[in-house]
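Below you'll find a set of structures to go through.
Note that subunit A is present in both complexes that follow, paired respectively with subunit B and with subunit C.
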Partner chain A sequence: MPIEANGKTFETDEEGYLVNLSDWEPAIAEVMAAQDELELTDEHWEIINFLREYYDEYQIAPAVRVLTKAVGKKLGKDKGNSKYLYSLFPYGPGKQACRFAGLPKPTGCI
Partner chain B sequence: MSETKKFMYLNRRPPYGTIYAWESLEVVLIGAAFEQDVSLAFLDDGVYQIMKGQDTGEVDMKNFSPTYSALGDYEVTKLYVEKESLEERGLSIDDLMHLTWEDEDEDWAEKDSIQVVTRAELAKLMDEQDVVFSF
Partner chain C sequence: MAKADFEVPELKKHVEVPAIKEGAMAHLKPFVVKNPDHNTDLGFPGELVDDWHDKALEKLGDLCSRYRSLQVYLDACVKCGSCTDKCHYFLGTADPKNMPVGRQDLLRKVYRRYFTLAGKYFPKLVGAEDLTRETLDEWYSYYHQCSQCRRCSVFCPYGIDTAEISMAAREILDSIGYGQKYCNEIIAKVHKVGNNLGLPGPAIEDTLLGLEEDVWDEDEVWVKYPLDVEGADILLVTPSADFFAEPHVDGLIGYGKVFHEAGVSWTLSTTASEAGNFGMFIGSYENMRRVSMRIRKAALELKVKRIVFGECGHAWRIAYSFLNTLAGPFDFLDPNYPVPQHICEFTWGQIQDGKLELDKSENDEITPTFHDSCNVARASRMGDKPGGQFEIPRNVIKAVCNNYVDMHHDTIGEQTFCCGGGGGLLTDDLMEIRVKGALPRMNALKQVVEDQGVTHVAAICAICKSQFTKVLPYYGFEMDQILSVHQLVSNAIVLNRKTGKPEWLEEDEDEDE
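Our next item is the complex of A and B:
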C-alpha cells in the first residue's frame, strides 16, 4: 500500500517497507509511526538515524540481536538492551525501526 | 537442540554475474541467528568476493562487498582463504578487504577474520565440519 507523506506518494511492499531506499525522507517515518499509533521522540530518532548509518556502511539492515549489540557499543549499555529498544518500538526494534528508517526487512530476522 | 554444529560455507564463484555470492552471504547472515559454529571459505574465483575496491557502477548490480564487514557483528569470525587460489590469480592478502571482528571478552579488541590456508589445510578443515554448503 503506498504511503502519503509531504504531499507525495511513496511505494511500499506488502509488509509496508519502502520500495526505493533513496526515496526516504523523515516525513515518511512520521507517517508510518502515526499509522502504528506512535509519536517519534528524540530517542526514536536516535535509533532510526543509527540504522540508516549502519545501512550506509554495511548495505544491510541488521538483525535485532546485532542491532542491540551495536547500539550498546555506540550509545551505551542502558540503550543497548531489548527492553529499552522494545519500549521505543513495540513491534520489534529490528522490523519496526527499520521500516521507519526506510530500510528493507532486517537480514537474519527470523 | 543445544548441540552446536560446525557449518562451513564454501564460496567458489566470482561475486557478480550470478546470484550465488550474495545468496551465500545472506544465508550466512540468516544462519548466524542459530548460533552455530560458522566458518566461510573462499577459493577458486570466490576469492574475488572479498577483494577491496569493488565498483559495480558499470554492471548494474548492487556492490554488496561492504556487507562482508558486518560478519563480525554477526559473530562470524572465521574466514578462510585458499592460498593457492590467490596465487593462481596473482593476488595476495593485501588485495583483500581488511575484515575484522571485535572480541567482547577482551574489551572489544579488534582481531583479523581472514586466515590464509593452504589447499591441504582447507581440505582438513572441511573434513572437520558437520555441514558444508557449496555456493
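Our next item is the complex of A and C:
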C-alpha cells in the first residue's frame, strides 16, 4: 500500500516499510507516525536520525544495545535503556522506529 | 505494548481444554513471498505455478517415497484422540484444525484420495478429499499455525510427529511457489549475508567491540569477543539475535566471560554468524544442508578444533541430531570433545571442574524458572546422559542462583509447552496465534509467579526469548522478565583473570581528550 507524503506517493511493502530506501524524506516519517497515532517529538527524531546514520555506515539497523548505549551517551544514562525506547516507539524501536526511518525491517529471531 | 486487535485469552493457573470453535483461526495467514528472489534463491519457483495441483501431488508422492516416516504418519492415525488437547495452539484458539489430528488430516485427506486404494475408489468412506484451491489455502493457513514443537508426538501412541507433517506440507507449498515471506526471506539472507538478520561483518565487529567496552566499564577486565580469528580452538556458532536483541546479547556477554575464565581461545565467524537454520522449518533438506555447510566451511577455514553452539533451540536440534549427516564428517575436529557441544554443556563442565568462581548472591534479586525450549527438550539431548538436555541447563542456573523454581511438571521437560513463536512463526503478521499459543506457558508461569515468587523465566533459545519479550506484556507481565541462561551466569561469574584495558579503548579516550 503506497503512502502519500509531501504531495508525492511512495511505495511501501505489506508491512508498511518503504520499498526504496533512497526515497526517504522526513515527511514520510511524519505520515507513518500519524498512521500509528504518534506525534514525532525531538526525542523521536534523535532516534530516527541515529538509525539512519548507523544504517549508512553498516547497511543494517543498530543492535538494540548499540542503540541504547548511543542514546545513553547522548541523552543521559536514565534514557539509555529499552524502556525509554519503547516509551517513544511502543511497537518496538527495532521495528517501528526503523520503519519511520525508512530502513528495512530487521528479520530473524528477534 | 502494541494494542491487540484480537481477544487475548484470560490467564488461569492451569490448563483448561476449551469447547471447540470451528474456523476460529481460518482467517489467519502469514504474508506470502512477494519478491520472487526470496523463492528462487532457495531453489523454488518465484510464484505460484499454474499446474500447482499436479505438482503438489507429485511432491507429496516424492516426499512419501523419500521419507518413510511421513507415509507411516499419514497411514497410522487411528483417531484415538490422545493428541487433541495437547497442542498449545488448540488450547489457545479452540480451533479444531489446530488439534494435531485436525492439522494432520488436512494433508492426510489428500494423501488418502490420491495414494491409497480405498481413497481412490471410496473417498467418502475413508475421509479422502480432492486437492482443491481451498484445501491448498487451508494448508497455507494451518501449517503456519504449527510451531513444529512435537509436544503432540509425546502423547501419540503411534508416535506420529505432526512437525514432520507440517514440514512436508510447507515443502510442498514451497515447491509450487507458495512460500511464506518470513522464513524464505530469512533463508535467502543467510545464503547471501551469512545470518538471519543480514548483519554484515563490520556491524558484528562494531557490536562485539561495544561489548568489550561494556564489560570493561563494568568489571575492569578485558574480556574479548573475537571474530574470525584463525587458529582459535573453539568456533562459537550462535544465533544472530545474540548480536542484536535483548536479552539475547546478555547471554552472549556471558558466553564470552565463561570462555575468558576457562582460559580457552575461541572465535566467532562472520560467515557462520548464525546458528539457526530455517531450512528445517520449511522442511527443505537442500536448504538445511546449504545453511549447515557454512559452519563446516568456517570451521575448516579458521582451523578450529571444536565447535560450540550458543543458546538456540532448533539450531541445537540440527547440531545434535543432523549436523554430521548434513555437513560431516567432522573428523578434522578434536575427537576428545563432543561434536558439536552446547554452551550449557561447556559451562557446566567448567563449573564441575572448579574452573569458575561464582557469586550466587549477585542473582539474589532474581527467582528464575526455566522454560524448556521444544527443540532442545524433545528433539535432542545434551551431555552424555539421557535427560541431560533438562538437567544441564538447570544445573547451570542452580550453580549461579540461590533461588530456583520449576514450573508445573506437566508443562516442563519432555512435556514442555512451546513459547508459541517457534517453527517460523515469529513474525508480526502471526501475532494473534503467537499470543494465543503462548497461553498454556503463561498459565504455568502465572502459577509459579503467584505461588512461589518467581520473578523471571530463563531460556536457551533465541526464538523463545524474542517471543516472550513480545507476548509477556499481553498477559500482564513485563517484557524484561525473560532472561538468557548465560545472563544469569554473567551476573554471577567472578572475573579473576585480570587483563589490561583494551588498547583501542585507550586510543579512543586519548582522542576524546
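The rule is short, and it goes like this: the second predicted complex is superposed on the first by the 98 of 110 C-alpha atoms of A that agree within 3 Å, B and C clash if a C-alpha of one lies under 4 Å from a C-alpha of the other, contacts with A are read in each partner's own complex, and residues count from 1 in each chain.
By definition in this document, contacts are C-beta pairs under 8 Å (C-beta built on N, C-alpha and C of every residue); 3 or more make two chains touch, one makes a residue touch a chain.
Given the structure is predicted, the values throughout are model-derived calculations rather than measurements.
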Inset, instruction - Examine A:Pro93 and indicate which partner it touches, taking first as subunit B and second as subunit C; both and neither are also allowed. - result: neither
Legend entry - Contacts of A:Gly102 with subunit B and subunit C, given as first, second, both or neither: neither
Inset, instruction - Identify the partner contact of A:Lys69: answer first if only subunit B is touched, second if only subunit C is, both if each is, neither if none is. - result: both
Legend entry - First (subunit B), second (subunit C), both or neither touched by A:Gln59: both
Inset, instruction - See if subunit A has more residues touched by subunit B or by subunit C, and give me that chain. - result: C
Inset, instruction - Pick out the shared contact residues on subunit A: the ones touching subunit B in one complex and subunit C in the other. - result: 57-60, 62-63, 65-66, 69, 107-110
Inset, instruction - Within their complex, state which residues of subunit C touch subunit A. - result: 1-2, 31, 34, 181-182, 185-186, 189, 195-200, 202-203, 206-207, 210-211, 214, 239-241, 243-246, 248-249, 276, 312, 426, 428-429, 462-463, 465-466, 479-480
Inset, instruction - Using the touch rule from the top, collect the residues of subunit A that touch subunit C in their complex. - result: 13-15, 57-60, 62-66, 69, 82-83, 86, 90-91, 94-95, 106-110
Inset, instruction - Would you pull the subunit A residues touching subunit B in the complex into a rising list? - result: 57-60, 62-63, 65-66, 69-70, 73, 107-110
Inset, instruction - Under the touch definition given earlier, write down the residues of subunit B that touch subunit A in their complex. - result: 26, 29-30, 32-33, 62-64, 66-67, 69-70, 73-74, 108
